[in-house]
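Before I ask anything, here is the structure I am working with.
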Amino acid sequence: MDRIFAPYTVYKGKAALSLTPVLPTFTKLESGNGLRVDRRGNMMMKFWPAIGERKYDWEKRQLFALSATEIGAFISLGPTDSCEFFHDPSMKTSNAGQVRKSLSIKPHQDGSGYFISLSVVNNLLKSMDRITVPVTTAEFAVMKTACSFALPHIMGWDRYTSHQRPRVGEN
Amino acid sequence: MDRIFAPYTVYKGKAALSLTPVLPTFTKLESGNGLRVDRRGNMMMKFWPAIGERKYDWEKRQLFALSATEIGAFISLGPTDSCEFFHDPSMKTSNAGQVRKSLSIKPHQDGSGYFISLSVVNNLLKSMDRITVPVTTAEFAVMKTACSFALPHIMGWDRYTSHQRPRVGEN
Amino acid sequence: MDRIFAPYTVYKGKAALSLTPVLPTFTKLESGNGLRVDRRGNMMMKFWPAIGERKYDWEKRQLFALSATEIGAFISLGPTDSCEFFHDPSMKTSNAGQVRKSLSIKPHQDGSGYFISLSVVNNLLKSMDRITVPVTTAEFAVMKTACSFALPHIMGWDRYTSHQRPRVGEN
Amino acid sequence: MDRIFAPYTVYKGKAALSLTPVLPTFTKLESGNGLRVDRRGNMMMKFWPAIGERKYDWEKRQLFALSATEIGAFISLGPTDSCEFFHDPSMKTSNAGQVRKSLSIKPHQDGSGYFISLSVVNNLLKSMDRITVPVTTAEFAVMKTACSFALPHIMGWDRYTSHQRPRVGEN
């Protein structure tokens, strides 16, 4: 099966931001004909900085993978709401706590959109990055609509469909 | 066809709660090429209590199957609304009235989410169980979005699709 | 292909009401590989009166087929809005004007739901029928969610999908 | 694969307006099994003037292709909001700036719908066209619902679906 590359990307003065759904994987049950979600899906956000007019440095990209519940917070944001999520990519390893990522979404004061910022503090590399992308109300509406559409797919619920059940009850 | 296991589960201090869509089954019409809904679909809610830190007792799970109309009440809940549903799993049998289940959904006073509670009063076993799971606004948004997505599938309406109609009118 | 029977039905004291999507049909273009909508789809509403406790007279059913635009009015109804649609099933025939159907949707005064009424005045049969079904907020939410889901299918827009386009551009 | 013709069209006194989704095309990646969006999809709006009672002049049609982000602005319009988009069909050619198209959407003062207008100023032809179509609240609701449905397809996100992933993880 082909992998699909269809990110929704906004290019702004200081950075670019893209969203791409990542689907869950399934494992066959040992008992036979069943499939269980193995690795959960997410909404992958990628930020990368501008290095000139309409030029962006893909090598410096930073990633943040929204879980289903974080997508729920995202799509239920009201026009004056803000939210912030924290991730530790090294959780449950010996490097736990060394890298801290936080994603924040804050409305513009004039209601014309949102600032979406990713901060990455890396104690191992002694580095601290912060990339902010302003998005308009229209761009935010695309993100919310597309995330609402993608959420059931990320959860694996698009597999629950009658089309996949050719068997019918006895008459 | 493979059965799918992709519940949306929230694990909290005192209990866990999962949602899984259950699709309808169809029966072939005696008259020939037609399919009628036989057993209706539902949204299966499962509650099971915690028995220690991050440990849960699956054997003590209690189920509550939301009908299409109950899902309608659920997805149209406003931020300060509450609702309650009553089920008798023995309805229309000689044990009718012996077991009473009620599911209630109530908003937190500070607007930060909802309490979802299942009470099961079983006169046969002389038992009374009550399991409550607090869910955040974000988790509730996932549940509402996922239930809105699943509702037409639970009703069998995903079968009404042009893709399944290769026949076209004569030209 | 199998015809599908999966109506959403509410049974009330004086009458029952069901909704079923009817898909459009397509015609092949003379020019070759293209499909054009031939007969438009609709949302078929069926009303039939009660003739006793939990008994309904299917023979006395009355139909009203909501067009895409009428579905648009239906799904955008606010909690205190009402609407009314008029159909002449004999339009453009010699019997035009002899049968008049009107569907009205009005909110309960206490906000607990809606009255959905179908009136049929038939000058040929000298008959006048009026069937009213009260629906709860939850039932109305199911109808709105299901109609929103069905609307693109009724318009034939579910045919516009990348899955049906295995051809890709040259590389 | 068959091309699909299923526009949503409203015919009014002075002009007609239709909406049709245009899907993206995909290109195979050189590296092997992957597909990348090649040409983006859009929502094609077509306007053509009336030239008599129920007669319209298709030859004088004017087109405006809404991008994903413009669709986002469209579907997030509140009942009293308006918006305007500007396109230059000759952008990045030697004729840049010679043709200017603008689409505006403005609410009726009484809240009963919107005016949708397309202006085309063509300096090469020394022509200036303006076609306005009034749409009711119900028609606008169809357009918003249908555009919300179509948006993920236009973005190519309907390709991100578990159904297309028969491979499962090892057990």
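Here the chain labels run A, B, C and D in written order, and each chain numbers its own residues starting at 1.
In this section, a residue touches a chain if its C-beta (ideal position, glycine included) is under 8 Å from a C-beta of that chain, and two chains touch if they have at least 3 such contacts.
Predicted model, so just to flag it, every value in this text is computed and none were measured.
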CA centroid of chain A to CA centroid of chain D, Å: 27
Centre distance in Å when chain B and chain D are each reduced to the mean of their C-alpha atoms: 38
Chain A: positions in contact with at least two other chains: 24, 26, 28-29, 35, 156, 159, 161, 164
Contact graph of the chains (line, ring, star, complete, other): ring
Pairwise chain contacts under the document criterion: A-B, A-D, B-C, C-D
Contact footprint of chain B on chain C as seen in their complex: 1-6, 8, 10, 21, 23-30, 35, 38-39, 136-142, 145-146, 149-150, 153, 156, 158-159, 161, 164
Contacting residues of chain B [partner chain C, same complex]: 24, 26, 28-29, 33-37, 68-73, 75-76, 148, 151-152, 155-157, 159-171
